[in-house]
Each structure stands twice: as C-alpha cells, then as structure tokens.
Amino acid sequence: MPQLHVEHVTLTFGGLNALTDVSLVVPEGEIVSIIGPNGAGKTSLLNCISGFYHPTRGRITFGEHDLSRAAPNVVTSYGIARAFQNLELFRGLSVVENLLLARHTHLRYSLLDSLIFYGRASRQEAENRAYVERIIDFMELEAHRHHPVGTLAYGVQKRVEVARALTLAPRLLLLDEPMAGMNVEEKEDMVRFILDIQREQGISVVLIEHDLGVVMDISDRIYVLDFGQKIAEGTPQQVSADPRVIEAYTGVPGAAHAPAQGAGA
Amino acid sequence: MGSDLTINNVEVVYHDIIQVLRGVSLTVRAGRVTSLLGTNGAGKTTTLRAISGLLKPENGKIREGTVSFEGRILSGLGGTEVVKAGVVQVPEGRRVFKHLTVEENLRAGAILGRGHWSSDLERIYSYFPKLRALRHKQAGYTSGGEQQMIAIGRALMAHPKVLLLDEPSLGLAPLLVAEIFDNVRQINRQEGVGVLVVEQNASIALRHSDYGYVMEGGRIVMEGESAALADNPDVKEFYLGVTEHGGRKSFRDVKSYKRRKRWM
Amino acid sequence: MPASRFTQTGNYRVRYQQDQTIFATSAEQASLIAGVLLLLALPLLLPKTLLRDVNMIMIFAVAVLGLNVTTGYTGLINIGQAAFMGVGAYATALAATRLNLPFFLAIPLGGVAGALVGTFVGLPSLRLKYLYLAVATLAFQIIFEWLVGHLPVLAQGGAISMPAVQVFGVRDSFLNHNRFWYYLILPVLVGLGLLWRNVLRTRHGRSFIAVRDNDRAAAAMGIHPGRAKLTAFMVGSFYAGVAGGLFAYFQKAVVIEDYGLHTSVQLLAMAIVGGLGSLPGSFLGPLFIVALDRFMGSASEWLGAQNTFPQGVDAATALRPLAFGLSIVLFLMFEPRGLANWWRLVRLYFKKWPYKF
Amino acid sequence: QKNTTLVWSGAITGPTSDAGSSYAAGVEDYCKYANSQKMLSVTLNCVVRDDQYNNANTQRNFEEFVGNQNVPVFLGYATGGMLQIKGVVQETKVPTLPASYHIGIIDPPNNSYMFLPVSSYSENIVALLEWVAARERGAKVALIVNPSPFGRDPVVDARKAAARLGLKITDVQEVGGNNLDNTALLKRLEAQGAKYVINQNTAGPVANILKDAKRLGLLGKMQFMGAHYAGGEDLTKLAGDAARDFVWATSYYMYDEGDRPGIQLVKKIGAQFGRKADTIRSVHYTSGMLAAAIAIEAMKRGGKDITAASVYKGLTSMNGSRAFNPGFTVGPVTFSAKDHVGAESLRLLQADATGNFKAITGAQRSRMFQLVHPLK
Amino acid sequence: MELLPQLLLAGVVIGSIYALAALGFVLIYKSSRVINFAHGQIIATGAFIAFALTQRGLNFWLAGLIAMLITFGLGLLIERVFLRRMVGEPIISVIMVTIGLSSVIEGLIHLTPYGAGNFSFTTPAVLSGEGLSVLGTQLSRTQLAGVLAALTLLGGFTYFFNKSTLGITMRAVADDQMAAMSVGTSVERVFALAWAAAALTAAAAGVILGLMSGLTLGGLAGIGLKVFPVVILGGLDSVVGAIVGGMLIGVLENLSAGYLDGLVPGGGTREVFPFIVLIAVLLLRPYGLFGTKEIERV
C-alpha cells in the first residue's frame, strides 16, 4: 500500500528555513490538502516530495521508496505525478505532444528500436497515442488538441497541466493550485475531474489551493503551513475552527463556510 | 467625460487569423474602479493588451475599433506612448524582474522620469510598507503577494492616470487578496487613479469596484453597477458560486446536468 | 458491395498506426518512386564539377542531420560539429591505413568514434545550460585542433592519405571519382535520413524536445535530462563521425584544416538556414550554402576581371563574405524558420493543386 | 593546338589572402606578359581561381581544370591543399607547382609530379642554423613555429641538422596568430639561454614576438631569424624598428635590388598591367611570376604539343647547361627526375635600421640540408 | 624566482585588454541575451576607422575618439537595420544573424584598403618614451595607457549598470521584455543603446590593440573568439565578471606559456589551457564566476 510519509522535513535556503520539521501522511486514495499563506512553504514541500529540492533534514517515503534524495525523474518513475503552480508546459508543443511526452516512462523500447521504428516501437507508439486521446476526452481538451499550449488561455493551460500529470498514470497526484485563475464554474469542472480521478482510479491527491471553499468541500484531510511550520492539521471542520488558522490565513472566523466572502476568497 | 478611457467596438486578431475580441466596448470612468469578469479564454487579458499597446509582441492586432483616452486615440500607439499617455498595465502572473532587487524593480518603472524617483520610492513604500523592508532582496525570491505588490508599485512609479490590473489575486492567499484590494482602493482614492481590474475572484472584485463588465467568448455580455451585478442570478451561480436559495453551493455536489448561462 | 459504390476521396486514417506511415498516399508513393529514379540517374545528367558539389552537399547534409539532433531538437548549441567530423575522419583514416579495414567498416567506425567522443564532450551538459554549454563545444573544437597538431600518429595535422576504394570490381579513380562516391554516399544519406526521422518521432526524439523546451518539466515527466542530452550528443556526433569518414575518403586525405572552426560555423549556418530541426532543411541548408558559395565564386571572379574599382579596393574579395553574410542575415530576418518553411509551403501548394486553397 | 590554359588556384580571399592576392597577380601578369611577348606558339588562357584557402575548393579546381579542361600544368598554393591532392597529381601525372615550400609535398619517386619552385622552408632553416654554427659553436637555438603543418614541417630536419652542427635546440614552440603577448614565451627562452630564435611562421606572429622582445630589452641579447614567409616587407611593416637585425632566408631577390634583371622585369610587368606599388614591392608578386615563368618555360621546352607529359619533360630537362634562369631568384631553377626543388640557392638577409633587408651572404645552397635530407 | 611575478603582470596587462573587448560582448548579452559573434569584426572596424583617420593626418587621440563615436553610430545602425526585426525570434536565429553580420562587416572592410595586409599606428609621442619597470618587467607606455583606458571604461560601466536608472532598465529588459514594455520601456531603444555602447567599447579595444600589436583584419577580428572564454568564465552578464575573467584568462595564458609549454612537446598550451580551466570552473559554477544564477522556482 503506497502511502506518502513526510517525516520531520526541514528545508533551508542559505540560512533561511523554508520548511521546519514538517510531517504529514497521505493515505492511499485520499485527497489531502495543504493550505497556508503565500511563502508558507507549500510549493517547497511539494518540491521536496517530487525531487526538485532535497530536504536538509528529515525523510520522505512513498511505499518502500525513499524520496529524500531521489531526482525528479526517479520520483516520477515511482508513480508520483505533479502539476506545477507556474505552468511548466512545453509551450511550443501542442496539447497532444505535451501529453505524449508524459508517456515517456511507459514506453519501453531502446534507441535501436527507435531507429528502426518497426514492431515494438511502432506498436507501442500507437497504443500510446490511443491512451493520450482518452485523457484528452476525459479532461475535455478536444477543442485544443493541436494548438500550441503557449497560446492557450491561462485557465486552459492549467487544465493541460493536470491532464499531463494524469497521463503519467500515477498513483499519487500532486496538484499545486490547479484552480488559480479560474472562476467558480471552471473550478467546479476542475473539482469534478479531481473527484473522478480519485474515485474511479483510486489515485491519491495532494492539493494546494487558496480557495477554501474548494478545499473544505473535497479534502479528506487538511494540513496548514505558516512560515514553514505546520500549524494545524485535521478534517475540514477541525481546521476551519482552529483560531491559529484564522489568524494566519483567512483573517475572518468561519470564513470557509460563509457565503458572502466564501467562494473564491 | 473627457478623461474616461473608452474602448469602442474593438476587434482583435492574433497571427492575423485567430479572432479573439468581437466588438468589445467598455468605459473606465476616471477615478473609479471598474471590474472585468469572464471565463478562461474570454479575452480579458487580450482586452487589456489592446488598451496598453502590448498586443504587438504577441503578434496580435486591433483589426477594428478604437481605444481613446482624454480625447486621444490610443489604439495603434506603441506601449511606450500609452504609458506616456498615463495608462499602465500590470501584467498577469506577477511578472517582476526576478534578478533585480525590489528597489531596482521599482526604479525600472520610473523610466518616464516624471517627478523624482527617490521621492516616488517613498510614495510606493508608504502604500506597501512591506516592500521597504525587502528593498535589497532579489525579487525572484519574494513571495507571491510581495511580487504582486512590487508589480503594482512598479506601475505606480510612472504616475499613471489609469491602472490596468490583470488578475491581481491570482495565486494569493485570502488575507493577501484582501490586502491588495485594499491597497488598490487606497491608491484609487488618494491619487484619483482610474482602475480597470480583470478578475476571476468575482466576489472580491465586485465588492471593491464601482462598475462591472462580464465577458464571454470575446464579447461583453453583461454590465452594470457592481452591486447590481452581484445580485444577478447568473453571476451569482457562475461567478459567486451561490445557489438560487442563497446558500453556498458545495463543490462536492456532483453535477448531473449543467445549466446553460442565459446570455449565451 | 456497397463499399465499392463510394470511391475514397480523402485520406482516411482510421488507426493511429496509419498515422505513422511516412509516405501514406498513393501520390506520395508515386513521387517517391520518381524521386528515387531521378536520384539514381543524377550522375548521368549533371556535369562532373556539379556532381562534386552534390557529393559535398550530401556529406554536409549528414553532418547537419546530426547537428539538427543536438542543436535543432535538443537546443544544445554546438559550435564543434566539425571537430566531431574530424574525429570520425581520423578514426576512419587510422582504421583504413593502420588496420587495413575496408571502407564499409572504416566509415561506421568513424561514426562510432564520433559518438564516443561526442558522449564524452556532452558530459558537461549534465550541469551546464544555455550558452554556457555552447562554449564547452567551442572549447572542444579548439582542444581537438590542438591535440591533432601534437599527435604524431595523426601526422600532426598534415595529410594522412586514404587508400583507393574498390567496389564490385569498380575502382575509385580520378575520372570516376565523383560518380563512384555519389553512389556510395547517397544510400548512406538516405538511410541515415530515415533513421533520423524514426528516432525523432519516438520517445527519444520527444525527450530531446522536452529538455530543450523545459528541462524541469521534462524531469517531471520521468525523463532524465542529462541522459537525454547525452543521447542527443551521441546521436548527433555519430552522424558527424560518419560524415567525417565519408569526407576523408572523398577528399582522399585527412588534413586538419578541413575540420576547423569555420567549418563548424558553416555547418551551423546550414542547419539554421535550412530550418532547425527539419529533415528537408538538413538537405536544403547545405544546398543553399554550397550553391551560394559557387555562385559568389563566379561572381567575384567576374568582378575581379572588371577593372572598374579604384586602386586598393578589393571588390572581388569583399563580395563573397558580403554575400554569404547578407544572405544569411536577410534570410533569417525575413524567414527565421528557414528554407524548410518554403519547402512546406511549396508542398502545400502542390498538395492542393489545382486549387488555390 | 591554338591555345592552352595556365591556371592557378589559391587564396585570393580568406586566410593568407594578402600573400595570395599578390601571388595571383604575379601569376596572371606574367602569363599575360608571355602572351604579349609571344613566348609560346600558342596563346595562353590565363586563369586565377580563388580557393579561399579551402582544400575542398582546391580539389574542385584541380578536377575542373585537369579533368575537364586537360590543363598541362597546375599551379597551386597552400600546404594543406597540396598535401591533399598529392594522390591525384600522381594519378593524373599533371605537373604541379605549389606556393607552399613544404618539403613534405614532394617525395619522389612515390610522388613524382610535384615541383617546388624554390628552396624549401626546411632548407631555409637549416641554412640559418649553419650561419649560427659558423658564428658561435654550440649555441643554443629555439624554434618558434606556426601551429599547422606549414609551421611544423621543418622541425625534423632542423633537429637533425642542429645535432650535426653541434647546436642545441632548447625548445620548439608553436605560436599562432592570436599571440597578443609573448612575455612568457620570451622569458622562458631567455631562461633557457637561447641566443638564437628561428621562426617558421607568417609575418604577423613574428612581428608581435619582435615587439615584445624589444619591450623586454631582449633584442640585443637574442638574434631573431626566420624562413621565407616570416620575413621581408610584411614583417617590417608590422614590427617597425623592432624588425631591425632580423635575419631572413629566402631564394628571391629584393625589390630594391633594382640592378637585377629579374627585378627590372617585375617592375616592368607591374607597370604594364597597372599594379599598385604595394603589390609590386611584395615578394609574393615575384613568387607568382616565378611559378608562371617556370610553367611557361616548361611548355616551351616540351615541344609543339603542350601536354602534361611534355611539360613534365620540359621541367625535368631544366638542369646543367639547360637550367632555367628568369632572374627572380638568386640561383637558377633546376629540376630533374630526382630533383624537384627549383631554385635551391638562397641568401641570408638582414634588416637594417630602415627596415630594408640587405644580403649578408652570397647565393648558396645549404650543404647541411643536402646531408640531412638527401634526394631519394 | 622572478618569473612568476612577471608572468602575472603580463597576464594582467593583456587581461585588461581582453576584459575591455569582453565588455561590449557583455553589454549586448546583458540587455538582449544575444551572443554577438560579430564583436571581433566591430573591434576591427573601430580600429581601422581610427587608423584611416590618422592616415588623413588626424592626431591619434582625436582619431581614436572620433572612431569611437562613429562606431557608436554604427552600433545603432546595426541594431536598427538587422536586429530589430529579430526581437522575439529564437535566440539561435539571432545568434546566426550575428554570425552573418560578422561576414558582412568583413566583406565591407575588404572594400576599403585595409582588408588585406598589415598596418600599424605611428605611436604618439607621449606613448613612445621609456616605459615603466615593474617587478623586473618592462611595461611600455602603450601597455600602461591600454590598461588605464580599459579600467576606466570598465569601471564606468559597472557604475552605470548598478546605479543609473538607464542601467537598471537595461537589466530589466534582459530579465523580462514583456514586463519591461508594460512599464513603458522602449525595448527597442534599450537594445539600440546596448549595441551602440558595445560598439563604442569595441572601438576602444580595437584602437588599443592596434597600437599594441598592429592592425590586421584577421588578428583584430580573432579577438572576438578570445572573448568567449573570458565572458563565460566571468559570467555572461557581469561586467565585473568580464574584468575578472579577462584578467584570469590573461594570467592563465601566461602561466601556461611560462610553465606548461616547456613540458609539452611543441608547446602552444596557452591556446587550450584556458579552455580546460574554463570547463573545470564551469562544472563547479555553471554560471561562471559572477554570472547571474538563473532563478528557477517551480
């Protein structure tokens, strides 16, 4: 049972602690959210999990794999996929090509097979393409299939990010603010995708999101970071009632469930 | 009004073929805050680019219509002229100069040399006291909210009469969103700067603006006083996430059907 | 039989595998056959000196194909491609003169030598990015030239003569030299061109593009950025090595001057003018540069013969660099995507012919 | 046969084009002069073809003129290009005269159609060594050479000769065109006690070395010397008064030796074809003329039908009483089946205060060179 | 041993010239991320313009100054005519344009009497006197003047980039063109200025080089290549890096010529040794000694 364990992770940048002794668990098949003010260290934590940063202290494991020192591509090969906060797409390539790239580790033929492109390589490529098209259907990206992603509207690019992560066929999906720059209706669509991914494929999800409405509604468990430290954790109800969270993050008691400021704020 | 920024029936195409704006008209009244809402890809950013003269680098063109400000036609001018005319855009996604320090970022905004940059710096620091503490830090390593402050402060260095903000709340935590909008209001009041703010976060945008427009598929589909817009049932459902009964809709409710928007 | 009542009008691809064929329509297949016939007959149609130019173009095209892997696809600016050619040339020369290997073994050996050295030189790419890497290739170019000059086995850069080649009883001689090599270079080029196509449409090729566009995202896709770059270097310098081997035989002797920095720059010009990362561009680029050079050669000779310029003004000398430079500059200013884009437009036109749109 | 082609292929543009363009002018002018004098029964078609110092172009030119136009003789240029066409020259049996005096270009009998017009760089340098040995027994000598086959060529013969002459070669260093500062080099040579520095290079790098030597106050302590392409006008123009006392070995007469018939001819032809003063002064202009003159003379001697074979015959007949002496060089041009170096005689010259080179020896052959590099 | 200080000193002298040559290169890279392969040719242009002016009887100093002004104009022109259209095109295409330009400029120089052949300035009287003896090495006045001029220009530009608004604007443009435009910066004008300033410093470098080692097209243009290890070692976008890189390469060349050449048959190690050190340094510091580390936050 692959569970993600983050144990006492500390991350330092030249004397400055971006993370201090953070621990968390992502049980199989659950949606776990991380919230906190800007600069709290949410993305840095994700970076530690996905191998872009290596924790100064502490340990991160996924099932039997130790991620603490693994390179990003190795982490990916363990079944952890990620959508980035600031759009890390291959801007010049089309949506289809972006997704095809995500199948890299699933293709198992050599450079020699590549050269000949007959039999193994050709067959796998065809299957691969079919797989990608299914994801495109699922994420409702048909209309943009052949557009260079750099020219797509911001919100659509975010959706491509998620689709590309999904194409990796992960067991754990890390989503860094997938709904930034979307209006309520579009957020609803994205939530639907996330819930479907979790429910139908049993994929665990780590979600970073500033929209507390979304976070409170779909998370099984929430962790709150502030200044690199975990200041609260628990179910949505527990967290939204926690005074420290209110002070550090929302500024308003019960903000998460009040309709007037709630949505989007 | 002479000092309003008006956009009249503007059509924009990218690469000569991709039409994005289909006859957009709107007015940014002097000294007031106007908001522009809309779905992804509706053309909000494009509208701002059409005003600020930043279409060219994206290979876009105003094919028809005009943008005018204080009786001058801005459409067709380059970005520098538009800034000189007093209209400054704060681009989407907090594009600060990553390798420059905070203070250098602000100074890079002072290129028009109106007033003296050192006194202008003080002005910006009075709006954003946080930035003063960070003045020698590389902007690339500041947090999201701070970057947004830098971007707005940098634009203010040019003494704009109209400020165009593209999704200032993007990626910001709730407290900071509120802070930024308070700052914008303050600037608007103290300097009489007109503001056009593009937002996805409709609730806060409508709360802090005087007038609003809603855009879909390259057209303005609705406009009105902000308070009135916030009361519209469609805006309520699609932009504010409020159910017909007034409660907040839960994201967990599986949508078995999708209600179409009326204006489409 | 209802199906036969409808003739197919379009070009349907119902399975993704069909999408993969290179020559899909019958029209394309017909033009393929015509093209092959034309290529086979070319030596009979062309005057000998032009045929020599064609051979040069083909050899350069092999090297440019390689450059299009490293620089075009993977975005690693390589200012040392001529040195990789040189590695191939010297390896081929040693194989042929010291080990007495026949050319059909010596030339691939040159490719392998190129690939090995290329992989080694590519090692800094594990750490270096952007233009910093370009300078590592420049450094290799300079170190290579220096090393050759200091190695007695390589005649210190002086000539290593290549043995004459014999195939099916036909011997390479002064009179048939160009035809002889045309028929040897052509299949190598075509074969390597096909292999190039194949590599670049598979996972390896895509991983090259991925590290070029965004190597962080590439890593997140499970691609090892360093390994992808090294693979690109390996493939790219294999092509250069083969080109060097061919060049060694074609020139009949290996001399260091042929593999200098200016050749590297020229190869880069060919790749860019042809259109980076493009298969037709890899042929059109060398064609353009060689043709331009020939034309300018004649023009400057003509100009030199006219005594219309004031004393001290060497218009003939000026013309060639002027024209070479201007045509590159103008070309890139008005068609930054290179000749390959023209080629695409022409093909598009013929595909739709006789309709305009 | 009404006419035939005399072709030269070399660097009119590109690297070394300053030497190449004067050389080309010499070839072309002498060829036209031959026509105007009706030296031959046929008319010469005078062609100079630019190869941009690019070996592939040299080969192309060779193929074009030898393969398509059947020229009876080929005038070539650079070291690399000549080394590369050795094979085809042998195969086609077309006599070829380079402008590079690299001894490795000729090696009969394997390679019996290449002919150097004048003494080789190796012979230049061995002659300089002999001069050193005569002045100072057991002297220490350093060699500075161009980092190319052109530069490295004489090193082997120089080492052999030095050993026999009892001289000590302290160092062989490669110095190319980008040597902006030679302090380190000169200081090291000084530390080794080298009193004589022989250059096998082009004038540019040598001039920089001389200027630095002057700055470091080494000019009086070290004697600088050089082979054909290292010295002459090119050097004084660049090095100015730092070139003073430089000792130079070459087979050619100097422009200011106006009493020599060869130089008079150069001036006359230069004026006839309207060349500018700088070109006419250049030793490369004279060199071009010599190459053309040898080729035309060989055509004349070969018989009525001008073919590659007849030119070869003409060339190899130039010896003994039939030696050819057009007057450009200090000795006559002699060739035979075995001897493929034309005007072997050379002189040493030394630059005076005004930068003019004045002969300090008479015309001579290097005896030592014949010993270390015997004819095969 | 007295050799070492002498080698160091000689390295610093030549290094300051390298630094000056590299400065123009850095100026262009700093504002537009373009590697300018035509820099050597611009250096040659500046030197020949000055030379042509002295040939017409102008005083050396005046000629140098006017040459700098003329090349300043040429820089503007080059940017306007050739590079402006390339804004926004892939960087490699722009680089290729500069390669093309190097060829064009070389062709143009061949249209003057200076394309082929060797020339040298008549050393002005002030500089022809006795030099200075430092650490047992003789430094000529020409060298001293060159070092002085180089350091003055380098210092000036360092100050300019760090303190002046225009300098900051130029760095801003390099960082994010779109954002710079949004605050009204004329990116075109910044590029033009960068090219003009680069050309001006190139002319200065050309004149100094010409004075020190004569004027040949190949020699002067060849400096364009020398500049690569210098700027890469120092960091492509750092003026301080250009200075330190220049000095280091100068010193390294001299050290290898002084100590390594004796050990390697044939010598000539100065041609390659700096490159080997360069690669070693880059492996430890991939952005050179002073280059801006690309901020990469995902």
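By letter and in written order, the chains are A, B, C, D and E; residue numbering begins at 1 in each of them.
We adopt the following convention: a contact is a pair of C-beta atoms (placed from the backbone, for glycine too) under 8 Å apart; a residue touches a chain by one contact, two chains touch by 3 or more.
Owing to the predicted nature of the structure, the values given are computational and were not obtained by experimental measurement.
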| item | value |
| --- | --- |
| Joint neighbours of chain D and chain A, given as chain labels | C, E |
| Taking each chain's C-alpha mean as its centre, the one farthest from chain E | A |
| Maximum centroid distance from chain C, chain identifier (CA atoms) | B |
| Averaged-CA centre spacing for the pair chain E and chain A, given as whole angstrom | 47 |
| Inter-centroid spacing, chain E versus chain B (mean Cα positions, whole Å) | 44 |
| Separation of mean Cα positions, chain E and chain C [Å, integer] | 33 |
| Residues of chain D engaged with two or more neighbouring chains | 13, 17, 21, 147, 152, 174 |
| Multi-partner residues of chain E (at least 2 other chains) | 110, 116, 225, 265-266, 268, 271, 297-298 |
| Residues within chain B bordering two or more other chains | none |
| Touching pairs - complete list by chain label | A-B, A-C, A-E, B-E, C-D, C-E, D-E |
| Residues of chain E defined as touching chain A within the complex | 297-298 |
| Chain A - residues contacting chain B, complex | 36-39, 85-86, 151-156, 177, 180-188, 191-192, 195, 210, 212-214, 217-218, 248-252, 255, 257-265 |
| Interface residues, chain A side, partner chain C - complex | 50-52, 71-73, 76-77, 81-82, 84, 88-93, 97, 100-105, 107, 109, 111, 113-117, 121-123, 125-126, 129-130, 164, 168 |
| Complex contacts: residues of chain C adjacent to chain E | 71, 75, 77, 124, 127-132, 134-136, 138-139, 142-143, 146, 149-150, 216, 261, 265, 268-269, 272-273, 276, 312-315, 317-329, 332-334, 336 |
| Contact footprint of chain E on chain A as seen in their complex | 43, 47, 52, 84-86, 88 |
